[in-house]
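Encoded as structure tokens, the structure appears first; notes follow it.
So that you can tell them apart, the chains are marked A, B and C in the order they are listed, and the count of residues begins at 1 in each.
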Amino acid sequence: MSGQVHSERQGHLIVVSLLHPGKLNAMSCAMWHGLRSVFQEIAQDPGLRCVVLRGDGGQFCAGGDIAEYPDFRFSEAGLRNFHEHEVWPGLDAVQSCELPVVAQIEGNCMGAGLELAACCDLRIAGTSTRFGAPIAKLGFPMAPREIELVAAQIGPSLAKEILFEAATLGAQRLFQTGFLSRVVDDAQVGREAMATACRIAALSPQAAKLNKRTLRALQAGSLAGDLAADPAAYAWADSSEHREGILAFLEKRSPEF
Amino acid sequence: MSGQVHSERQGHLIVVSLLHPGKLNAMSCAMWHGLRSVFQEIAQDPGLRCVVLRGDGGQFCAGGDIAEYPDFRFSEAGLRNFHEHEVWPGLDAVQSCELPVVAQIEGNCMGAGLELAACCDLRIAGTSTRFGAPIAKLGFPMAPREIELVAAQIGPSLAKEILFEAATLGAQRLFQTGFLSRVVDDAQVGREAMATACRIAALSPQAAKLNKRTLRALQAGSLAGDLAADPAAYAWADSSEHREGILAFLEKRSPEF
Amino acid sequence: MSGQVHSERQGHLIVVSLLHPGKLNAMSCAMWHGLRSVFQEIAQDPGLRCVVLRGDGGQFCAGGDIAEYPDFRFSEAGLRNFHEHEVWPGLDAVQSCELPVVAQIEGNCMGAGLELAACCDLRIAGTSTRFGAPIAKLGFPMAPREIELVAAQIGPSLAKEILFEAATLGAQRLFQTGFLSRVVDDAQVGREAMATACRIAALSPQAAKLNKRTLRALQAGSLAGDLAADPAAYAWADSSEHREGILAFLEKRSPEF
């Protein structure tokens, strides 16, 4: 089995790593499955507050594992199965995660890598990281759900540049237009991603989950008025985190969540 | 009663000021009401062409008045009432204003301040202005309508950075990614906001109202095709402003609106 | 008849030029018709892979031909007919083109010019190019379909700055916020646009068409899940371009499309 997804818990954090040595962590079918498994475990661990997604060896992910493609992509059923029942459930596991997910992006962030980055909430990259999806060189388009995901996060213009011209873009361009939260020296990406995750983990976990739920619902097409009308929309009024946050502020002390 | 909203008419312009001395103009319930009243008066004044929204004393608005919160926020009914019947009608009064609204943003633009800025049409800020909504420190999420409002204007990535990490962002970042129309020296923000409002007031008021109506309808989910099919969509064909604008151009003179 | 639209085929490319000498290529009614005709011919030419849209004489397009306006714009029926049956079909012909369209943007890109640029997929501009839609000086608003088109590509904040303040913006601002793919020296715009079109034409035409179809459907409000569920969504599995792209990669050679 080629390629794996590892996870390592560190207090309130969990670091999820893509590993496919010699292939710049290109996603194999086994890795799409592995990613789903790891995020299912994360969903059942109430002590976690934040996830870091990274690739091993200074590379985020260079795309899909093309060596596997001739086995299944040239049949319509196989191709549909791959995108709808392998890739998408893996991506959806990341973007459906209740916890904030920080992408630690180094080296190549291409194709499936760009899609995985688009599923994360905050994105920290190194100055020399490259972004793209040069699949027009491979003779095929991006699947509909994957285009929607990527275009929603990088915007229509950059999506077209990447898809029509097979352009690769630098970190500075993706910071400037808003996709990346920050760009740091290549050697500092891991440190900055962990520092970000620690900052998030020290804040109210309830606020993070509720904000993420609302943002995801809006992205999926829900109307804010409908979300607000939900009888449960303000059920957190009497919660201990809400009381602690406000009382700590008024007592001029740091809150403890 | 703590905190007030003042307004001062100057020809075709009206300057609306948030005042809450000693609290960086944090919005009290009284101020949400006051804001609504001021914008109701604006709606009934046919001589006005542009609104400037600012905060007193070199501060836009640092958020909500947290000192008031223990009185009502820990009950579900009180919390819902606050967001749905105090905050939202205030925000909606600003964003529903028929006239272009210019935000003059100095100092802190946090929480409710960021939401108010998002309700404006043009945003002028000073180089040292800070933006954010660090409510994850206060143990609570942003209400659904308020998240939708903010995310639509600053984009999903910055919204997540602000909400999950309680990040505060500088004016340059919010200019670069498009939220701010321009950034000027702190000492020039008021002058630039007024100059912008004067430029707007010299242009066609009819064009401004019709453009704003269309932009608001699109933002609220209307389809352009439906708006265009409205029998009234082109009712301005024979209006004096339309004639004046086109004839002035052809006669190589400045139009008078 | 004042103003024309020319086209010139060059191998897999076609260059479409706006020509209205002495008027900075302002769009006359004849030119809106001409644009539609040219794109209808493009739709029937299976050998084409990419379109370049440009204006003659170092100018993209300065707007509509205002000299024609008194003849029809002051009647409601004439105005509606102009926007819905002259302008919109011309714009829609460009944005509905199955092939990637590269805008070569020099000089003025105003009003109808900005709208035409918004219909293209990649946008290359010169450093001194100016962008705007100062129609508030002409006493009239932008038509609903045209506002939707422009705001979707430049974002709500820049759209408001352009419409309410009649602001003209430089190329750097529109690159920074994502509308432009790149900005080059004024003298290099044509060369860079052609080089971009050649790069696109060397890639998989099938991938371009399928990606564009998906992006257009999403922009028009389709859900990715519905597009993916279409029985034809993966019909390209066994296509020669798909096989060629993947096999060429595995054989470490350049693909031939």
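As a working rule, a residue touches a chain if its C-beta (ideal position, glycine included) is under 8 Å from a C-beta of that chain, and two chains touch if they have at least 3 such contacts.
Because the structure is predicted, anything quoted here is derived from the model rather than measured.
Participant: Are the two sides of the chain A and chain B contact the same residues or different ones, given that same means over half of the numbers occur on both copies?
Facilitator: Here the answer is different, because the shared fraction of interface numbers falls below one half.
Participant: Given that chain B is a copy of chain C, what angle of rotation, in degrees and a multiple of 5, matches their CA positions?
Facilitator: The best-fit rotation has an angle of 120 degrees.
Participant: Per the centroid of Cα atoms for each chain, what is the distance between chain A and chain B, given in Å?
Facilitator: 32
Participant: Mind pulling the chain C residues that touch 2 or more other chains?
Facilitator: 176-178
Participant: Going by the contact rule set out above, which residues of chain C touch chain A in the complex?
Facilitator: Going by the criterion above, the answer is residues 100, 121-123, 152-153, 176-181, 196, 199-200, 203-204, 206-208, 210-212, 214-215, 217-219, 223-225, 227-228, 233-239, 241-247, 249-250, 255, 257.
Participant: Can you tell me which positions in chain B touch chain A when the two form their complex?
Facilitator: Residues in contact with chain A: 66-67, 69-70, 73-76, 78-80, 83-84, 135-145, 147-149, 151, 155-161, 163-167, 176-178, 221.
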